[in-house]
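Scrolling down, you'll hit the structures one after another.
Heads up, the next two complexes both have subunit A, just with different partners, subunit B and then subunit C.
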Partner chain A sequence: MSDWVEACAADDIDEEDVMRFDHAGRTFAIYRSPDDEYFATDGLCTHEKVHLADGLVMDDIIECPKHNGRFNYKTGAARGAPVCVNLKTYPVKVDAGKVLIQIG
Partner chain B sequence: MTAMTSSAATPRDYSLIGRDAQRAVENGLAAAEWYHTDIPRKQMKELMQRSDQPAIRDTIIWLAAFAVSAAGGIWFWGSWWCVPFFFAYGTLYGSSTDSRWHECGHGTAFRTQWMNDAVYQLACFMIMRNPVTWRWSHTRHHTDTVIVGRDPEIAVMRPPDLLRVVLNFFGVLDAWHAMVDMVRNAAGVIGAAEKTFIPEQEQPKAIRVARIWLAIYLTTIALALYMHSWLPLMLIGLPRLYGAWHHVLTGLLQHGGLADNVTDHRLNSRTVLMNPVSRFIYWNMNYHVEHHMFPMVPYHALPKLHELIKHDLPAPTPSILAGYREMIPAFLRQLRNEDYFLKRALPPTARPYRDDLHGDTPMAAAAE
Partner chain C sequence: MAGMVIIGAGECGGRAALALRDLGFEGPVTLVGDEPHLPYERPPLSKEAMTAEAPAIKAIASDELFAERSIRHIHSVRAVSIDRAAHQVRLSDGTSLAYDRLLIATGSVPRKLPMAGLGGRCVYLRTFNDALAIRAHLSAGNRVAIIGGGFIGLELAASARKLGAAATVIEAQPRILMRGVPAEIAEIIHKEHEAQGVNILAGQGITGIADDGAEVRITLADGKEIAADLAVIGIGAVPVTALAGEAGLAIDNGIAVDEHLRTADPDIFAAGDCCSFPLVVYGGRRVRLEAWRNAQEQGALAARNMLGADEAHAAVPWFWSDQYGLTLQIAGLSDEGRSTVRRDLDDGAFILFHLAQDGRLVAASGIGPGNAVARDIRLAEMLIAKRASPAPEALGSQTVKLKSLLAA
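What follows is the complex of A and B.
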């Protein structure tokens, strides 16, 4: 059974931004989209294990800070070189001002 | 600036599949953690913001300059008056495309991705760099900057091959190797070194581009033969030779004479203050430490980034001339002692170099 884990307060993340969340030896990236929805993915780029939370969010894209590889953070889809492998995504909900992610 | 020697006992092996490639992996220099100056997230976000406007403006000027210089060269073809036009055209074709290829390859020049892709493809053709191969080689260059055996884009290896450097001011060897690679790729062959950094699923794309380019060059040569004129080749192909000088002039300064096998861009990269024309041609890549430390910052924001972090960086080299005044003697010293390099001094406000990160590298060696 997967658990819902509190990642941060909803206000901790600016709109169209991302923040890092570490839990149980794993690292995740939590996103707040321009239309105020929340999403979560694995925290490291599938190309060279760089923290995506240091990257740039543009619309529904997260761009890795090291090589500018891009993913759709809503679906995890890799969007061109140098990333070829999709990101794993996680369900997210906001409850009482807290962002919760379901870690499988 | 301090002169240093490294403790390396044997000549460097720059092959991507050779001894030093393996050694870099064993020493933790491959895909390592690199030093970064701390910048608050809010400021970093502002610096990373993308905009189409500056690059559209610059690209309109760039394409207009191409059109005017090409038209002048064609109009005055056969008289000496064509020389200044072809000088301008060649510099645009054989030099400014180096920075356009580079910046658009990072995807930072424009906010709109198809614009990055369009300028990238055009610039790659002119600078004779396969857009697939070089996208991946440059990715490796950013992962393993000037790590011997890992970085495929080290412009001046040690000991320096100064004849090669001089010939490349006229694009001679680069263009020759580019042509050989193009024909080889067009024949469906991806080299062993290329396979180390181009993923398998991307390799057919490199082959397809090479075939298209080969067709363009063959058509241009056929047109020149048909016209009994060099003019088609003066417009396509040859400008990569006669216009290469500026991109080599600026490109050598990026890492020339500095440390190798370190994980701090302040040690192996050089920021140089330049005149506005060179900065336009070079698209601000003179801020090279800043670019390597934060490659997602667009070219037009690099001066701002420089102002923000200069307290933590070596003082910028004040001019192109000053850069060559320190770099050429270093190259000459490296002919006798390939372990010699220039160690850039940090200001008192900077975080010191971490010798613990560079324990078995040149940083641990005594000053010469």
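What follows is the complex of A and C.
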């Protein structure tokens, strides 16, 4: 499936920050890293289904706003209690100032 | 090799066991708990365990995971004594466990209401089984009286309302959440409870309780009587220290440990709700914390130090409470502050920054819908850990990003 969906404008997200993106009944989190790359993951924490976009981005880590579960948003890897299930990631590309994600 | 023994299979003990394996320890790890369940998270007990259609424990790891990681979990058994000279723990089933290093993570139990007249309809909340017993009385049309306007009591009141039960909260202090929550924030929570139909009676002592098995009648200092189908007592928690005390370890509002979570016995550690420890971030002030994240962090830290890391507990206290759509988060101990600066966020959310005499940020308390305050409280926690003294004007202005203060 190569279903590229436009999520937001590239400058909607600050560097080292995150934004929520809802599409077709699903929710995603779109990240802009400190070195100005874009990434996307499922929007909800694997611990208690909290929106990660309310959390804090530090370097390549997103921290859940509720219980501080941490994930590497570039790989989706769970990085510490209480989370133990990895986050699903999605391909991202920036085209003409727009951030697109490939929803599989 | 006798290996590592952990007494207490709650959040703290469970996390410590897993951490020992994460750190590569290959000797025996034994986790002893007096409940019949796997180690589970307690925060949901006053919330989801009450309101979910099918309540279930939220285990921090499955039986399979413990088996895969060779962690032996002995359930439904208490530790009854520690023989420090022989490095052995005696258990309530008559067996003994040898240890090289021991972690005591026995947690806390509800403070008992010292009054005559309590019967089967006067209960406490600590375990999943307690939660099931309370839940059975929280249906529509029932009346629950909650003695104590702290977090457990208020979260239970919110759950009761969600289920359609009538709720009355009785608090002896002049207002709810006297301990550790600023009045400005307690007032928001108070108002929300009243809007949701909870009857809050603050500044009301209790002079008598009568429980005839069918109904509880509570007499208040002003002579008023509250009748309820169930009374839940939530007036704080006391650390479980008897085992350590009888083994000759020092008790000081909890099992006294140093900043490495070590007792005076170099092979015995204590962590979580049961211990008091010097808080590095406040110059070594001795505290005892009853908080989920502290239990988690100290469990992991104790594991590292049991393996020789010699690392000090440098974390900033942090906790949260969810009631209706509101979430409160507090980082640090607000009683360390002498002045406050308010920062207003979107949707009525706000944060109070607590500053010490010398301008140092020592705590931050926030409240708002959903996770509105989470990110800024987390950043405040980092500023507190750094012992930063941010300009009050910057803290108070929503246009100044807290992250930018962290870099300064």
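Methods note: the second predicted complex is superposed on the first by the 104 of 104 C-alpha atoms of A that agree within 3 Å, B and C clash if a C-alpha of one lies under 4 Å from a C-alpha of the other, contacts with A are read in each partner's own complex, and residues count from 1 in each chain.
The criterion applied here is as follows: a contact is a pair of C-beta atoms (placed from the backbone, for glycine too) under 8 Å apart; a residue touches a chain by one contact, two chains touch by 3 or more.
Everything numeric in this text was worked out from a predicted model, so none of it was measured.
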item: Side-by-side fit of subunit B and subunit C on subunit A, or clash; value: clash
item: Touching partner for A:43 - first (subunit B), second (subunit C), both, neither; value: neither
item: First, second, both or neither for A:76, with subunit B first and subunit C second; value: neither
item: Subunit A residues touched - subunit C or subunit B, whichever exceeds; value: B
item: Which of subunit B and subunit C A:65 touches, first, second, both or neither; value: both
item: Which of subunit B and subunit C A:51 touches, first, second, both or neither; value: second
item: Contacts on subunit A seen with subunit B and repeated with subunit C across the two complexes; value: 54-56, 63, 65-68, 81-82, 84
item: List of subunit B residues in touch with subunit A within their complex; value: 31, 44-45, 48-50, 106-108, 111, 113, 132, 135-136, 139, 142-143, 199, 201-202, 294-296
item: Of subunit A, residues touching subunit C in the complex; value: 16, 50-51, 54-56, 63, 65-68, 81-82, 84
item: Subunit C residues touching subunit A - in the complex, by the definition given at the top; value: 15, 18, 41, 60-61, 292-293, 296, 300, 320, 370-372, 374-375, 378-379, 403
item: Contacting residues of subunit A [partner subunit B, same complex]; value: 17, 47-49, 54-56, 58, 63-68, 70, 80-82, 84
